[in-house]
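One structure below.
Order of writing sets the labels: A, B, C and D. Residues in every chain begin at 1.
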Amino acid sequence: MFDNVWLIPLFPFIGFLINGLLGKKIKNETVIGGIGALAVLCSFLVSCKTILALLSLPGEERVANVKVFTWITSGSFNADIAFLIDPLSCVMIMIVTGVGFLIHVYSIGYMHGEEGFYRFFSYLNLFMFSMLLLVLGNNLLLMFVGWEGVGLCSYLLIGYYFHKKSAGDAGKKAFVMNRVGDFGFLLGTFTLYWYMGQAHNVWTIKFTDLAANSHLLPTGGIVTAITLCFFLGATGKSAQIPLYTWLPDAMEGPTPVSALIHAATMVTAGVYMIGRMNYLFIRSPETLMVVAVVGGCTALFAATIGTAQNDIKRVLAYSTVSQLGYMFLAMGTGAFAAGIFHLMTHAFFKACLFLGSGAVIHSMHHALHHVHSHDDAQDMRNMGGLRSKMPLTFLTFLLATIAIAGIPGFSGFFSKDEILWQAFSNPHHGDLNYLLWGMGALAAGLTAFYMFRLVFMTFFGECRITPKAKDHLHESPMVIVIPLIVLAALSVVGGYIGLPKVIGELFGGIPNYFEHYLEPVFKYSEEYMAQHAAHAAEHSATLEWGLMGLSVLVALVGITIAFTMYVKNTELPKRFVATFPALHRAVYNKWYIDELYDYLFVNPCKALGRFLWKGFDVVVVDGVVNGVANVVMAFSGVFRYMQSGYIYNYAWSMAFGVVVILGYYVFK
Amino acid sequence: MSNHLLSLTTFLPILGVLLLLFIPKDSKGVLRGVALAVTVVTFLVSLPILTGFQTNAEFQFLENVPWIAAGPFVMRYNVGIDGISLWLVILTTFIMPLAVLSTWTAVEEKVKEYMICLLLLETGMLGAFISLDLFLFYIFWEVMLIPMYFIIGIWGGKNKIYAAVKFFIYTMVGSLLMLVALIFLYFKGLDAGFSNFGLLQFFDLRLDPATQTWLFLAFALAFAIKVPMFPLHTWLPDAHTEAPTAGSVILAAILLKMGTYGYVRFALPLFPDAAHRFTPLIATLAVIGIIYAALVAMVQEDVKKLVAYSSVAHLGFVMLGVFAFNTQGITGGMLQMLNHGVSTGALFLIVGFIYERRHTRLITDFGGLSKQMPIFATIFMIVTLSSIGLPGTNGFVGEFLILLGSFESSLRWWAVVASSGVILSAVYMLWMFQRVMFGELDNPKNQTLSDLNAREIAIMLPLLALIFIMGVYPNPFIEKMDPAVQKLVAQTKPLGMSARQMPAMQMQGLPAGHPAIPGMAVPAVEQATPAVADPNEVK
Amino acid sequence: MDMITIPAVNMTPILPEIFLSVLAMALLLINVFIPSGQKSYLGYISFVGVVAAGVLVGAGWGAPVESFSGSVVQDNFATFFKIIFLLSAGLAILISDQYMEREGCNHGELYPLILFTVVGMMLMAAGTDLMTIFLGLEVMSVALYVLAGFNRANLKSNEAGLKYFLLGSFSTGFLLYGMALTYGATGTTRIAKIAAIVGQMTVPSANIMLVAGMLLMLTGFAFKVAAAPFHMWTPDVYEGAPTPMTAFMSAGPKAAGFAALLRIFLVALPTLQVEWSQLLWVLAVLTMTVGNITALRQDNIKRMLAYSSIAHAGYALVGFAAGNGTGAAGILFYMLSYTFMNIGAFAVIILIGKKGEANGTVMDFAGLGFKQPALAVAMSVFLFSLAGIPPTAGFIGKFYLFSSAVQKGYIWLAVIGVLNSAASVYYYLRVMVYMYMKEPTEDFEWTRITPPIALSLLISVAGTLIPGIVPSVILQFAEQAVKLI
Amino acid sequence: MENLNSYLIVSAILFSIGTIGVLTRKNAIVIFMCIELMLNAVNLTFVALSRHLGNLDGQIFVFFVMTVAAAEAAVGLALMIAFYNNKESIDVEDINIMKW
């Protein structure tokens, strides 16, 4: 019944081929954009059909492998081009194609008039293809294909404005950091394959086979190694500490790219991957702890940086890093469903935010261009008061901001609160739970602060560009606004399919649909947890209500501070900077992490390379080679001068030979 | 006819040389055309080999006729191919027309001699791949050197003489020692009742470990120089930098394969026990090569040199795979040999294209070419990605199987280190790509560059097609070579281990709930020992 | 009155020698009547004579025929070597004409002298008595001294002749002394008898007189084949002698030296093989190494080839040290191919050279590759063959020689040999570097190739390439030749 | 002929004197005379041995040596004259244009 799932990735691929090969000839933007968007729409429709088909099955049967052809077979190793359909992959394809389609539509308007319009759409379609492979792949290797493929598209799209050096640098940085992660992914794959094979003669990398045999795996030990490797992969792709620095730089790409790749879909691949292999992760408490701590730290750490950035997209980028941290926090506490839930709601509101910011930038750019100003169209210090100029954008942006800030009733609240509650009450990490919750809650406050800071700086107050330019500011065309509205609506209502238990009970026992839906995927982990957890999960409705209130309170405090600083008393930030200059400088410069990495990795590598080349290759290796030659040559010189030209010398040599030979044999 | 297909393919280029001799040297167009036609015909003639090849482990298209018989020596013209050499033969005939095309306009002087050299080279290379007689193989192996020496030395860059002589003597030293080993092996064979240099019978000759060690060392040295393996690699960057495009392409795509092919066809099956003994050493050198070459490539200023170092790294992977001694590793190694031929060949072509336009290869002289040369940019990008082993391209399949194979074998920790090569390859290739293609188009000389012309695109298209075909659907390639690889795996099982089946060759499973990471080291070491050195076996 | 009965002597075995001697003497007479500008005709006549002698020699292939009470033999071994001598002489005659004209010393005596040399060499190869061998050696040497100094007006040539003469006579002293001691130890000079007597000794190596005799003979021949440390005359003489004579000297007399060595050591003294094998092992290594390494730094191409010829003597000694059938056959094959490749190379040198031995450096080959492609290709073939790179006769020869060492168990000797080969590649390649990879420094003035030289080049190239690709026939001849000794 | 050894010793001494002469003298003619001395030392050996062994081979050999020595002398002196013509010296110190 899932025979045609292969169409899902195929459509975007066809779109990619058409636009990539013929785009330059087509020239017509509407056709190119149309083809791009249509391809994704078709995928979306097939995805809808697929998820409906899936839902029509009973819970335990909701899993299917669809093989297209055999890809690699070598000895015991086998990898197919085959797709896995289960609730998890279905929810992912829905997000990817759904949000993807909206962003494609948006791009038609946003990229209007750009040089290489066709290139953009072909890359975007290629990305969709890769992402769908990643999500649908039924084995580790195919997932890896998508995994690297999205990395490539990310690279290409970040470097879309390739004539800007910063864009190229950012693209390369993203790719390389992803590769570090991929290194982990590969090692994880190898170790898993090798271990399962040699220990239990299960030579497979197919997810369903692995899941079926996961009971063979020990707890901890080798599984910790495997999962840590995979987690390294996840940190690369999903921009977690220590590999997060590429994501803010990735904002060099066009805004729709940031929305699609660097917010809604690609960066969540790490989360998806952990969800996909939950049966492995649950077997290693150590890894879970690492995941949770890294997630929590990233959530908090990125949030701090977000508070001091002035580039509108960078704020959102750090916000993305921070929100991804939440998802990992969820995964690390074994709340896989909650993590995926947050993944979904985050896709809605963060896509909305990015697209909104794109609309703002677009408008700003347009206005500044008109007056030939070279001011930065992305710098919030140049914005302000856009509320009146771009009402629809403002409204959608505000809704999404409220959602991300975790105000009750909006989607972000439900998903984030679920995570915080799980962080506090999960049975895995003991006393560490308090710290995890604390980090999460504090990050929530900071999130509310910097998001509202952004809103206030952008949409409120006085417009800070020249009045002449101001006249050119205007609302974006409908092709841009409609996706915003759809996404804003989703940000508001998207949370209701996963109501927390306590709230659901309040409204007469509405179940957590989302969790229920994903249950077949995580069932094994749930059961395993129930048996092996370090301590019982805490279940106290009162406590949950209390914590919920607390987190809302923290968010409100954040908003209030932002309001005070950026609307009421705009002198405050300056004073704050004056009071704590070092702190501000550190935060503003992103805690100097990039510099640290340069110092620790990049420069030593280059220096080592240079040394090995000039020092080792040229001096030692070639030195030996040429040295041997020179020694031989030196001997040549010596022998040559023995040839003196005098007969008696030659005669001496002969006589010497005779004497030595005779002497040796006669007297030996 | 069909039973002489291999000879026909091999010696067609020689016929082409005879033809060229009668063409006046000033009619350059005719000379080029004839050379191209000859290589294309050779390729077409080689296709029936591919289609007629039966997928099994046997050697096929055999020809075995007397050649030399004097004193104790009997050499026969004994040729044939199996799944391993099949692809290398096809690769050779496939690359040659492209190589001829690549210097269509770049080589303006001494065209006749140039084309003659290329054709002679083709015969030499094909001959070496199909030889099943050790002596015949050696002859072809050496004969290859001569045209390549001239190609580098005559049509090379400004430091061509140093590069050419270095190339020649470096290779000579290794191969002459191999010659001694070969003679020694032959006399051992005579003692065992063999009557000629036929390779296949020697596979059954299980020499005593000490002898194997010495012979293996001699063979391994010759092949290691050709591969080239760290630290014997320094001739390669020089040779590549100085050689004309076609020279570099052939050097990278085919000539280097001689080394790895030598291991697969000769060093491993002839001396399996010694090969196992030296596995840790060779794997270590291979891994050092991967990392080392990547680091050095990163800081190169000359694009061609960078690509040359990347070759060293890629072939490090091949060596690692081959020395995993299991199906995946060797299959991966073989695939990677083909991949490297395609991708690095393509990279050298690309470097040739811009060199022809700008007469410089310094990275700093470029920048922003994407704007001026979009088609070039796209092709360059694809090839770059193939070179760094992006999934979906050919490079990935080979690299993955190599790493997987070596991870399964005793070379687990080597595989771990080698895997980091995938990071480094991305660093140096993309950094280079970025500096050449991205950024401002600020150099006025670059602002007038023209994009690729039809000829150049025509050269690249087959390579691009292969990059994707081999990446997306590598199974036909694997299937054809699989029986031969399986046979090789069986042949190279060390004594005393043959009872255990692959992949049960791996050490017995870890006990469930084995302690965490530190525990992993224990089985790795345990397992490495039997393959590494069994003291009783040696003495 | 008693009649002196002349014993019946079978003259057939020395028919070629007689023929050549008579021809040479006749030429000396004819020379008187030929005006000085037309001495070339003597060359043509002698070339025809050499070919005719070749036919006579070739007819002797088959079962051995002894004569002069067993002091001369016509066997395959001798025949093979005689062919080599005749080839070297023939080629030398072909390349002499143009050179001698240019240097203004085309005296008619040249050709008879070459023929006398050949007669001497033939006696060396055919001699089965120390006396015959000595006689042959001296006939060869005395003629060679003159040939080396043939260009009377040229100081270098004078010096070459004088040096060769003094040192050659000096070495003759040792050789003779060795022969005397051997005679003393065995009571005979007949090789077969020596073999029989030495074979009966219980511990021949304890007989100091015999051992000393053997060693002294070895040193004497080592001088002729230019083995270190008796090689030092070689570069100077080769450099100074007229180029065609250098070519001749490097091929023929060297082969003759080996012929005598092989005959004496393998036939008369096989029971002492342990001793001389050891010694030759050392000599081979020393000779190869000194020759090759010194050649690396030579600019004068004749001198370079002189050192290279020392090195080649070293390779041949490898086969000799092995002392087995393969080694002996290898030497035979090698000497034959060396004749082709070396004389061929010297022919090219003659064509490059200018009056007064000018243009004799490696640098003067610059740009030859594309000015004279055919000539350069020929030179490349010779050089590749000298370097031992397939598919040339030089490679097959080296392969055979090193194989014999391996067969004998002298692996290290073979290893040192191939390493030497690798080093030698450098200086051979250097010539090719100049030919193909450097631009000519000045306008390249081209001397016409005369038909004789063209013929010699053609023969040399064929003789270098064909045995390289299909060596079977010649190798089988060589194997047969050494089977009898 | 009981005391063969004394003949042999004498001839060995003569041979050595000749050799040392070759090595130490600088005049080409003198060197050549030393070589002749060596050859004659050998002749003495041959004759003594021949007498001792009671066969004539050694003595025949001596005839050959003497003949050859004569021929050598002729050629040698001719070469020296040719050299002298060009260089006006036959001192071996002067015979070294070619070296290295």
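Simple rule for what comes next: a residue touches a chain if its C-beta (ideal position, glycine included) is under 8 Å from a C-beta of that chain, and two chains touch if they have at least 3 such contacts.
Here's who's who by UniProt: A = NADH-quinone oxidoreductase subunit L; B = NADH-quinone oxidoreductase subunit M; C = NADH-quinone oxidoreductase subunit N; D = NADH-quinone oxidoreductase subunit K.
None of these values were measured; they are calculated from a predicted model.
Colleague: Name the chain pair with more contacting C-beta pairs, choosing from A-B and A-D.
Modeller: A-B is joined by more C-beta pairs in contact.
Colleague: Using mean CA coordinates as chain centres, what's the gap between chain A and chain B in Å?
Modeller: Each chain's C-alpha centroid was found; their separation is 37 Å.
Colleague: What's the distance between the Cα centroids of chain A and chain D, rounded to whole Å?
Modeller: 97
Colleague: For chain B and chain D, let me know how many angstrom lie between their CA-based centres, rounded off.
Modeller: 65
Colleague: Taking the mean of the CA coordinates per chain, how far is chain C from chain D in Å?
Modeller: One centre to the other, that is 25 Å.
Colleague: Give the residues of chain C touching no fewer than two other chains, as numbers and ranges.
Modeller: Residue numbers touching two or more other chains: 162-163, 166, 170, 235-236, 426.
Colleague: Which parts of chain D, given as residue numbers and ranges, touch two or more other chains?
Modeller: In chain D, residues 19, 22, 31, 92, 95-99 touch at least two other chains, as defined above.
Colleague: Residues of chain A touching 2+ other chains?
Modeller: Residue numbers touching two or more other chains: 640, 643, 645, 647, 651.
Colleague: Which chains touch which?
Modeller: Those chain pairs satisfying the definition are A-B, A-C, A-D, B-C, C-D.
Colleague: Chain B touches which residues of chain A in the complex?
Modeller: That would be residues 24, 69-77, 141, 144-145, 147-149, 152, 155, 159, 162-165, 167-169, 171-172, 175-176, 179-180, 182-183, 186-187, 189-191, 193-195, 197-200, 203, 216, 218-222, 224-225, 286, 605-606, 608-610, 612-613, 616-617, 620-622, 625 of chain A.
Colleague: In the complex of these two chains, what residues of chain B are touching chain A?
Modeller: Interface residues on the chain B side: 166, 170, 231, 233-234, 237, 292, 295-300, 326-328, 331-332, 368, 370-371, 374, 385, 390-392, 396-397, 400-401, 403-404, 407-408, 412, 415-416, 419-420, 422-423, 426-427, 430-431, 434, 437-441, 472-475, 478-479, 482, 502-503, 506-510, 512-517, 519-520.
Colleague: Which residues, counting only chain C, touch chain A once they are in their complex?
Modeller: 162-163, 166-167, 170-171, 174, 208, 211-212, 215-216, 218-219, 222-223, 228-230, 232-233, 235-236, 275, 279, 290, 293-298, 423, 426
Colleague: Using the touch definition up top, name the residues of chain A that touch chain C in the complex.
Modeller: 629, 632-633, 635-637, 639-640, 642-643, 645, 647, 649-651, 653-654, 656-658, 661-662, 665-666
Colleague: Report the residues of chain C in contact with chain B in the complex, numbered from low to high.
Modeller: Going through chain C, the ones touching chain B are 325-326, 329, 369-370, 373, 384, 389-391, 395, 399-400, 402-403, 406-407, 411, 414-415, 418-419, 421-422, 425-426, 429, 432-433, 436-438, 470-472, 475-476, 478-479.
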